[in-house]
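In what follows, chain A forms one complex with chain B and a second complex with chain C.
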Partner chain A sequence: MLCTMAILVALPGVLPKFYIILLGSILIYGLFAMSFNVLFGYTGLLSFGQAGFFAAGAYVSAYVLKEMPSSGMSICFAIFLSLCLSAILSLVVGIVCVRLSGWVFAMVTLAFGQIIYTIVYKWRDVTGGDDGLYGIPVPKLGFPGMEIDLKAAFNHYYFILFVVMVAVVILRIIVRSPFGTTIRAIRDNPTRAQFIGLNIRNYRLGAFVISGLFAGLAGALFSPYKGIASPELANWAFSANPVIMSLIGGTGMFVGPLVGALVYRMLEHFIAMYTGYWMLFFGIVLILSVLFFPQGITPYLSRGVLRLEKGIRRMRSCT
Partner chain B sequence: MTLLKIQDLKYIVEGFMAVAGVDLAMSRGELLAIIGPNGAGKTTLFNLISGFLEPASGDIYFKGERITGFPPYKIVRKGICRAFQLVNIFHTMTVLENIRMGVLADRGITANPYRDVEGLREINDEAFRILDLMDLTSYKDQAAGSIPHGHQKSLEIGIALSQKADLLLLDEPTSGMNPEETQTFMKRMEEIHRKGDCSIAIVEHDMELVFHLARRIIVMYEGKIIADGGPGKVKEDDFVRKVYLGD
Partner chain C sequence: MTIDMLIGQVVIGISLAANLFLVASGLTIIFGLLRLINFAHASLYALGAYFCFTVSGWTNNYWVGLASGCFATMILGAAIEIGLLRRIYKSEHILQLLLTFALILAFTDLTKLTWGAFPVTVQLPAALSGAVSFSGNPIPVYCFFLIGMGLAVGLGLYLFMYRTKWGAVIRTAAYDREMTSALGVNVPRLFTAVFILGAGLGGLGGGIAAPLTTIIPDMGMLIIIDSFAVIIIGGVGSLMGAAVGSLIIGIWGAIGLLIVPQFAMVFTFVLMGIILLIRPWGIFGEKF
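Now for the complex of A and B:
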C-alpha cells in the first residue's frame, strides 16, 4: 500500500497534465466503487441506487461552492455537508431497503435512486434542473499562514489523493474490524448469523450508511473537480459504474474496485481514442473479463506481483 | 431448577399438525436426547424453541421468562444456541474466522468498527481454545466450505459452543461423521456436560450414541411425546418398540 501511495504521489512528476487530471477522476471513481463494494462484496447486497448518494454529495458540494464565497475552508465545509446529507439520505433509504434481500433489494434501491434522480431533475431552483449546476468555482484551501489554490491541476490532484487515501485507510480499518467480520458473516450465511445472536438488519443498515457516506464523499470531490453537477450523476445508468468497476477489479479483494476503476477508465480512454463505438468494444472486454477472470483481475495481478518479487529476490541471492 | 418449560406447544403446516401439543420441562445441567421416526416433529420442535418458526399455540419459557415468538437473535441472547441438521457455517470465511465470529457475537462487540480483529487477544485466545477442543486447529486457515464434511459438523458445534449458551440444541450432530468422528464427538459432549458448562438437548438417529450419552430420552411420534424417561424405561416401552425401535 505504501508503495502504491509513493507511486501515486510521484506520478505528477512523470506524467503529462492530461493524465494527472484523468488519474484524479480515476481516484474518485475508485472511491465510489469501493463504497459500493462495502455493500456488495462485504455485505452481499447488490445496490443499483448508489448513484443517488454520489449525486447528493456532488450537488451539495456544488451548491455550497457556488452559493458561498469560495475562500478559506469552504471545500472542507462543502465535503462535511455532503457527508451529512448522504448519511441522512442513506439512513432513510436503508431503513426501508435492509428489510429486503436479493433482487427485491436491488430493485428497491434502483427505485429510490430514481426518486433522487427525479428530485434532482425537477427541483430547478436548487439543482438547476436538466442543466445541472455548472460553473462551479474552483476552491482554495486555506490553512493558517498558507493558501493552496486548487486551480492548479497538480494541487487539485494531490487534494483528491489525500482525501481518497484517508477514506481508503478508514474503509480498511472498518473491514478489518469486528463490524467488518460481522457483515462478511451475514453475507455468507444470514441464517447462521441470526443464530449467533445478530440482528442482521442493524448490521446491514450500518453497512448501507457507510456505503452511502463514502459514495457521497466521492460525489463531493467529483463536482468541484469536473466543474459541474448534472442530473445524469443520479441516474440508474450511473449506478452501473461501480458495479462494472467492482466486477472487473474483483469484489473479494479490498483494493479490487480501485483497480477496476483504473482499468475501466483507462480502457474507456484508449478505446475512445480510436473509435466512437467504444461502448461496443468495452462490452466485449467486459464479457471476456467476466469469463476469464470471474474473481476479477486483482487476484491475478496480486499473484503476478508476488511471483515478480520472488523472482527479484532469487536473482539478488544469485548475484 | 427448571431451565426450559414448554406448554401445550402446537405447530401446523399445510393442515398437518407437525407438533401436536408438546409439554416438556428440562432442568439445568440435563443432557437429554429426542428420538423418533422421520416426520415425528423433532426438528420442528427445535425450530420452535429457537425461534426459527412461530408456534400456532402454546408457550415456551426459558429461565422463567416467556420467549414464545421471539426472533432467533433474541433467543440466542437469552442463552439458547443451536447447531443445524444440515451444515450451517460461514463457508467462505476461514475456520478460525468462523469460531472468532461466534466469540465476537458472544462478547457483544460485533458493532465495533475500528479495532483490528487480529489484535483482539482475548477473543482470539478463546477462539483457539474452541478450535483445539474441536480438533480443528490444523484447519484454521482453510475456508470452512473446503474442509471435510465431518469437520464442518464439528465446526458448526464449535460455533454453537462459542456462544456460552445455557442450553445447546444439537440437531443430528453426527450425521455425515464417520464412526471414529462420532466416538470423538461423544467423548467431547460427555466432557462438556461433565464440566457443567451447559444443558444439552440432542436430536439423534444413532441409537448407540443416544443410549450411551443421554440420561433422559424423549420419544416423539406424529408430533407428540409418547415416552419420556431413562434409557432402560424407553427401551422397555412397548409402544416405542413397536413404532420406532422396530421390535
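Now for the complex of A and C:
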C-alpha cells in the first residue's frame, strides 16, 4: 500500500504530462468503482444506477465553483455540498431500494438512475440541459497563510491523489470495521443474519448511503478536473463503468476495482485511438469476463506478485 | 383542463399501455420460466424497430417489415440463449444480469455501426394514418391499432399459457424444473423456446412503435425502464400483472404528461416507489 502510494507520488517526475492527467482521472474512476464495490462486492447488491450519485456530486461541485466567487475555500465548500446532496439522494433512493435484492434491486436502481438522468437533462435552468455546465474555473486551494493554485504543474493531480487516498483509507477502515463484517455476513446469508437478530435493511441502507456518498465524492472531483459536467455522467451507460471496472479488477479484493479502473481506462485510451466503438468492445470484454474470469484479474496478478517475490527470495538464498 | 381533454389523454395512455404490454410481457414470460431478467430486451426492442425500418424500406410494405423485425429478434434470441445464457444458468444470478447488461452495451454499438447514430423514421402504413374524432379529441387511428394489437397479443398469450398443453408444460417447468425434466420434457429446449417467444415479443413491440417514434440506437433504454416499472408494479412473472401494470403506467404517464410535462417520467416513478414501499412483490406477484 505504502509502496503504491510512493509510486503514485513519484510518477509526475517520470511520466509525460498527458499520462499524469490520465492518471488523475483513473484515480477518480477508481474511487467511483470502489464505492460501487462496497455495494456489489461487500453487500452483494448489484446497482446499475450509481452514475446518478456520481452526477449529483459532479453537478453540485460544478455549480458551486461557477456561481461562487473563486476563493481558497470554494473547492472544499463544493465538495462538502456534493457530499451532502449525494448522501440525501442515496438515503431517499436507498429507503425504497434496500427492501429489495437481486434482480429487482438491479432493475429499480437502474430506474432511479435514469430518473436522475431525466432531471439533469430536463432541468435546463440549473443544469444547462444537454449542454451541461461548462467553463468551470480551475479552483484554488487556500489555507491560512498559503494558497495553492491547482492550475499550476501537477498540483491538481496531487490534490486528487490526496483526496482519493484519504477516501480509500476511510473505506478500508469501514470494510474492516464490525459494520463491514456484518454486511459481508448479510451478503453471504441474509436469512441467517436476520435470525441472529440483525436488521438487514438498516445495514443495507448504511452500505447504500456510503456507496452513494463516495460516488458523489468521485463526481465532485471529476467535474472541476475535466472542466465540464455533462448529462452523460448520469446516463445508464456511465453506470456501466464501475461495474466493468470492478469485474475486471475483481470484486473480492479491496483494491480490485482500483486495479480494474487502471486497466479499463488504459485499454479505453488505446482503443479510442483506433475506434469510437468502445461500448462494443467493453460489452465483449464484460461477456468474456463473466463467462471465463468471474473472479477478475487481481487475484491472478497478486498470485503473480507472490510468485515473483518467492523467486527473488530463492535467488537471494542461493547467493 | 377539461374532461374531454382528460378522456383523450386516457385513450392515448391506453395505447401506450398496449405497446408497453408487448415489451413487458416478453420480459415477464422469460422471467417466469428462466428466473432471469433480460436487460438485453432493450436492445431486442431497438433491433425490432431497426429491422422494420430496413425491410419496410426495401419492400415498401410496413407489415413485411414488422414481421421480419419480429422474426430477426427471435433468431437473435435463440443465439443469445443457446450461445451465452445456457453456459451460466448454474452460476450466480448476478452474473446472468451482468451478461445481459453487457449485451446492451455491445448491441447499442452494433446498431450504431450498422445504421448510424442519426435517428431514422418509418412511414405509417396508409391504412392506419389519419385521425378520428373521439369525444372532441383527434386521436390517431394508429392508437386504436396499438390497442387492438395489445389486446390480441394479451389474449393469445393467455390462451397459450392457460389453455394449451404447451402452456401447461411451461407453467409446470416454472414450478419445478427437475420434476418436469424427470417426466420426460426437454427442459433446456423449453428454455430456448420461451426465450425466443419473449425476444420475439420485444422485437414486435419495437416494430410496432417504429412509426410513432424516431428510431435511435438508445431507444430501448427508455421503454425498458418503463417496462421494469410495469412488471415491478404488476408483479414479476405474472402475465396479468404485466397487463394491469402497463395500464397503470400508461394512463398515469399520459396524465402526468398533462400535469408536469417536463418531468412525466419522474411522476411515473414516484408511483412505482410508493407501490414498492407498500407491496415490494407487486400487485399480482408472489411474495419472495
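In this text, the second predicted complex is superposed on the first by the 299 of 319 C-alpha atoms of A that agree within 3 Å, B and C clash if a C-alpha of one lies under 4 Å from a C-alpha of the other, contacts with A are read in each partner's own complex, and residues count from 1 in each chain.
Convention: a contact is a pair of C-beta atoms (placed from the backbone, for glycine too) under 8 Å apart; a residue touches a chain by one contact, two chains touch by 3 or more.
As the structure is a prediction and not an experimental result, all values here were calculated from the model.
Once the two complexes are overlaid on the shared chain, A:C3 sits clear of chain B and of chain C alike. Of the two partner chains placed by superposition, only chain B is touched by A:G197; chain C is not.
Contact with chain B, but none with chain C, is seen for A:R176 once the two complexes are overlaid on the shared chain. Judged by the touch definition given at the top, the superposed model places A:W103 against chain C, while chain B stays out of reach. In the superposed model, A:A111 makes contact with chain C only, not with chain B. Set side by side, chain B and chain C differ in how many residues of chain A they touch, and the one touching more is C. In the superposition on chain A, A:V14 makes contact with neither chain B nor chain C. Across the two superposed structures, the residue set of chain A contacted by chain B and also by chain C is empty.
Chain B contributes residues 50, 71-73, 76-77, 81-82, 84, 88-93, 97, 100-102, 104-106, 109-118, 120, 159, 162-163 to its touches with chain A in the complex.
Partner chain A is touched in their complex by these residues of chain C: 36-37, 39, 84, 87-88, 91, 93-95, 97-99, 101-110, 112-113, 221, 225, 228-229, 232, 236, 262-263, 265-266, 269, 272-273, 276-277, 280.
Remark: chain A residues 173-174, 176-182, 184-185, 188-189, 191-200, 202-203, 206, 210 touch chain B in the complex.
Residue ranges of chain A in contact with chain C, taken from their complex: 40, 44, 46, 48, 96, 99-100, 102-104, 106-108, 110-112, 114-115, 118-119, 122-123, 236-237, 240, 243, 247, 277-280, 282-284, 286-287, 290-291, 294.
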